[in-house]
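One chain, chain A, links the two complexes that follow: it is found with chain B in the first and with chain C in the second.
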Partner chain A sequence: MSTYGARHAPSAFSTPASIALFRRLTWEGTVPLEIRVDAKELPANSNRGLECYFIQAPRVSYLPLVVPEVRAFLMDVVFDENGGRVVKEEEWWFERDDGGLVKWHWPIGLIYDTYTTSLSPSAATSSSGPTPLKLVLHLASPPTDKLLLAPSAEACKQAFMGQLKEADFIRWGNTKRMTGLRKQEQDGIWEGIREHDFDTYWRIASKITPTPSPNAQGGRSPSPAPVPPSSASMVHTRPPSAEPGASTDANRDAATAVRSVPARIYLPDGPVLQDLVPPALADGAPHTLGRFLHTHLPLLFPIANPRHSSDPDLAYALIQGVPCPLDAEMAWLGACMAGADGWVSVCVGIGRPGA
Partner chain B sequence: MAASPDIRAIPSSWTASESGAAKEALDALETYKKKDPSKVVVRFRAIGNAPIMRQNFYKITASNRFQAVIQFLRKELGWKTGDPLYTYINMAFSPAPDDTVSNLFKSFSTDGHLIVNYSTTAAWG
Partner chain C sequence: MSPPASLSRSQFEIACKASLLEHVRNDRDELAQRHLQGWTWVEHAFASGLGYLSRTVQLSHRQDTGCDDSGCVDEFDGQIVLEEYDDAVLSDPRASDTLIARQYVVHSATYQVPVFYFTIHNSKGAPLCLNDILRTSLFRPHTLPPSKITPFALSPEYSSFPLLSQGDHPTLGTPSWYIHPCETPKVIGEILTELPQRTGTEDPIQWMRVWFAVLGGVVDLRA
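So, the complex of A and B:
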């Protein structure tokens, strides 16, 4: 059964090597953070003037995983012995320099991209590369009712697993692929995040992430893409316990066979939108980013498939920090540029993206 | 392009030539930021030993975060903040507490309502 009729352009899935490349690029992406302790909260006798920590953090990681490193620095360089004893990590919380509260359960890349889209267009433009996201680290009185989550790595892990399951349900209408993983494997995915190890993560994630090969390619398993051995884990293997009676047809897990792509739209300093995102439209054409944004934000994206330079240029979409072309296919984005939690985060910004 | 008086709201760092499109975009953004006042039906279903409530269907404001639903449920059950309460959608997963009821409803509703399961112990991790 072909999803794509002859009249449509070749699918983005037709180059397997680029799929591996984009998954690797997404994984390796980092953003600059500048973490500064609120000067009013420094314990007595601290080394003032040094309480600023710079880190190039992985997009797919989380702030609770960065905290130990920041703590070690502060203990070594800033706090004196008494100060070090007095600080309680469980009271720590982050705020953006411009006052926005930072959530523990959001991936760092998402925190950064929503910061980018909240800036006015010319502020976002920078000729010297991405500007560090300035975060203020508070050491006490966390606004727990707004943070919604404890700052611990364990709470973060639970939230992460919850997002993976929600994504699994979005795709297939059940969470069999996630629950089919052994506990050791579930822990392994989080280990991959903690250690920031691509192979550790994908060894297990490949069992639950849709395969890049579409139905249109003859209905057979794809031969492994010609990429370095570390990406060999992308070839899908289904855990034997998941569906005892199921066929081994890899197309059942094809990215284009999902009922919906897990995707969310983040408006600048504004609401988050989530809805079903079928991989193909009623006429069989691939569901593109442009169509998706036009459907949900027609005032910002008045034309589903803009082609002319005279088409309105009111807003743009960042995915993994990259201004994404509106003809990108949602199914492809779901298979290749989703976050490690399974979700395609589309950060909408007003105007044109910065340099 | 001459600046018109009603574009005061646009940040001054935006150039004058962009002001037409910029205003249109900002107005659009304001529209999308408005909270959805509509309500959706949430159906609570007890799991395991959790008590069944007399009333299980409730109309909840769509723009509420899921955290508000959890607090509402706690109040209806008469449970205190420290009492263990685990909630799931469609007996499958726990949503992030800042997921909105509207988004969850659009993605996961069945037969016109969003099923929220609740229990005193962790059921599906």
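So, the complex of A and C:
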């Protein structure tokens, strides 16, 4: 994975086709969930032994959007008529089977990744392939000191739109792009999530999301490209366009033109860290993931640009389930690896990532 | 048009600590006195740079609810549902119940301004729903615009984005309510530019005073 892109050749990652590819890959990502109803809470006369439901859920989706499917299964197979009448969906809440908290307003992919990084290094590496995240579905008494009240698809939409709007503000210093969307466009973007429809979502999301500039030197490659600092600083000065159709508008929307990249760091059992993440550093060099993590977690990431295999490997970064090379550029991550809510969620795990 | 104003995390921290000290020393500023009573500066258990102001106050249910029942409707899944009350309003035990409000002033890493977060619980420890929150003494009567209310947020009728919404406390990660900060940079910017030059727009303490004064117009900040 270290041989992508020669120094001056246009990076494969910077072509419109590859942007679309990475956005598609991010969008199509799914995670396995095993949802088991808490046996102690099953209504009387339930069909015991079948109270477990498996689903391959889209990373960009949310648990309240999965609930109707789970409910239909439980009604069909597990609950009897009386049981079906007594359960109240608005009381339902999820918990990891190890007791970990599951926030219903987080994207499912983020819930899965924070679960992965919470495992001890040995547990994370012992598995081969993705293991289902085991969730316990409780049918009553959500812990109101830990979870936001009244989960529903509508509440989820409001939380999601709030995240999109924050991401908009971080990128451009105002929320004009988001607030400028018409009502049916705002509804459409959520419809894209609900239906897991890439085209519906991106038809509108492309109006607010930056595109990596196809012309920037140094590439948007997340590979360890051997770019010396002097050359890397050229990224800042945009070369004249060689492509017809690369307009001023395209430059304005370029990933490197944003004020800051919406990014948060999730630590196992720690607070969520957030700061301004400019796409380029003061000297014009691209802001990399390694630099970002080194700035905030110097003990876990003692070197901003590790280049040698002998460099310490104390922790790793997981983005959309992918262990991410530390020289990935934040601007590129913001344009291609952000969640549907606009945020690059960097989940930090201790040790080496699992196989 | 005045430029939007922002306050960095370090300015926020300096201002919060200085405002507290100043309050202890200087009793003449009555408004600041009321706003700053009882706040303490709290750091995260092990991560640095995530400090915030915190205090606990008692609230009551407002006698004058400030809105007749027809104005307080739940919009839930597109249905307008009129509030259901217990038949005997006068003997409603909620009216005399003591409410505990935890209040926080945190720094928004997104908007680079202070944000007011809070939770309100009844004496049994149960959190209040939004409709009940709006009937507490926390909000000054008649200050909120005509709004759509869902269990998750309150949004002005003219906007599709909330003024007041649920959200995780940025440092504690616990469920809270917060007053949305996206208009704060503009409002504070306008006021700061109107102030006498000597105070300057760069003075973080002045910034926090103005912010508390603006917040105090909507929220009753008396401890």
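By definition in this document, the second predicted complex is superposed on the first by the 301 of 355 C-alpha atoms of A that agree within 3 Å, B and C clash if a C-alpha of one lies under 4 Å from a C-alpha of the other, contacts with A are read in each partner's own complex, and residues count from 1 in each chain.
Note that in this section contacts are C-beta pairs under 8 Å (C-beta built on N, C-alpha and C of every residue); 3 or more make two chains touch, one makes a residue touch a chain.
Every value quoted in this text rests on a predicted model; they were computed, and no experiment measured them.
Taken together through their common chain A, the two structures put chain B and chain C in a clash. When both complexes are overlaid on chain A, the residue A:144 reaches chain C alone and has no touch with chain B.
Shared-chain residue A:18: touches no atom of chain B or chain C.
After overlaying the two complexes on the shared chain, residue contacts for A:315 are found with chain B alone; chain C is out of touch.
Of the two partner chains placed by the overlay, neither chain B nor chain C lies in contact with A:295. After overlaying the two complexes on the shared chain, residue contacts for A:47 are found with neither chain B nor chain C. Of the two partners chain B and chain C, it is B that touches the larger number of chain A residues. With both structures placed on the common chain, the touch criterion links A:166 to chain B and to chain C. Shared-chain residue A:154: touches chain C; no touch with chain B.
Clashing C-alpha atoms with chain B appear in a single stretch of chain C, chosen from 43-51, 79-87 or 187-195: 43-51. Looking at chain A, you'll find residues 103, 148-149, 158-159, 161-162, 165-166, 169-170, 175, 179, 186, 270-276 touch chain B in one structure and chain C in the other. Interface residues of chain B, counted against chain A in their complex, comprise 11, 13-15, 18, 21-22, 24-29, 31-33, 63, 65, 67, 89-90, 92-100, 103-104, 106-108, 124-125. Against chain C, the residues of chain A that register as touching in their complex are 103, 144-150, 152, 154-155, 158-159, 161-162, 165-166, 169-170, 175, 178-179, 183, 186, 262, 270-276. On the chain C side of its complex with chain A, the touching residues are 44, 46-47, 50, 76-77, 109-112, 126-127, 129, 150-153, 159-162, 165-168, 170-175, 182.
Within the complex, the chain A residues that touch chain B are 103, 105, 120-123, 148-149, 158-159, 161-163, 165-166, 168-170, 174-175, 179, 186, 260, 264, 267-268, 270-276, 297, 299-300, 312-315, 350-351.
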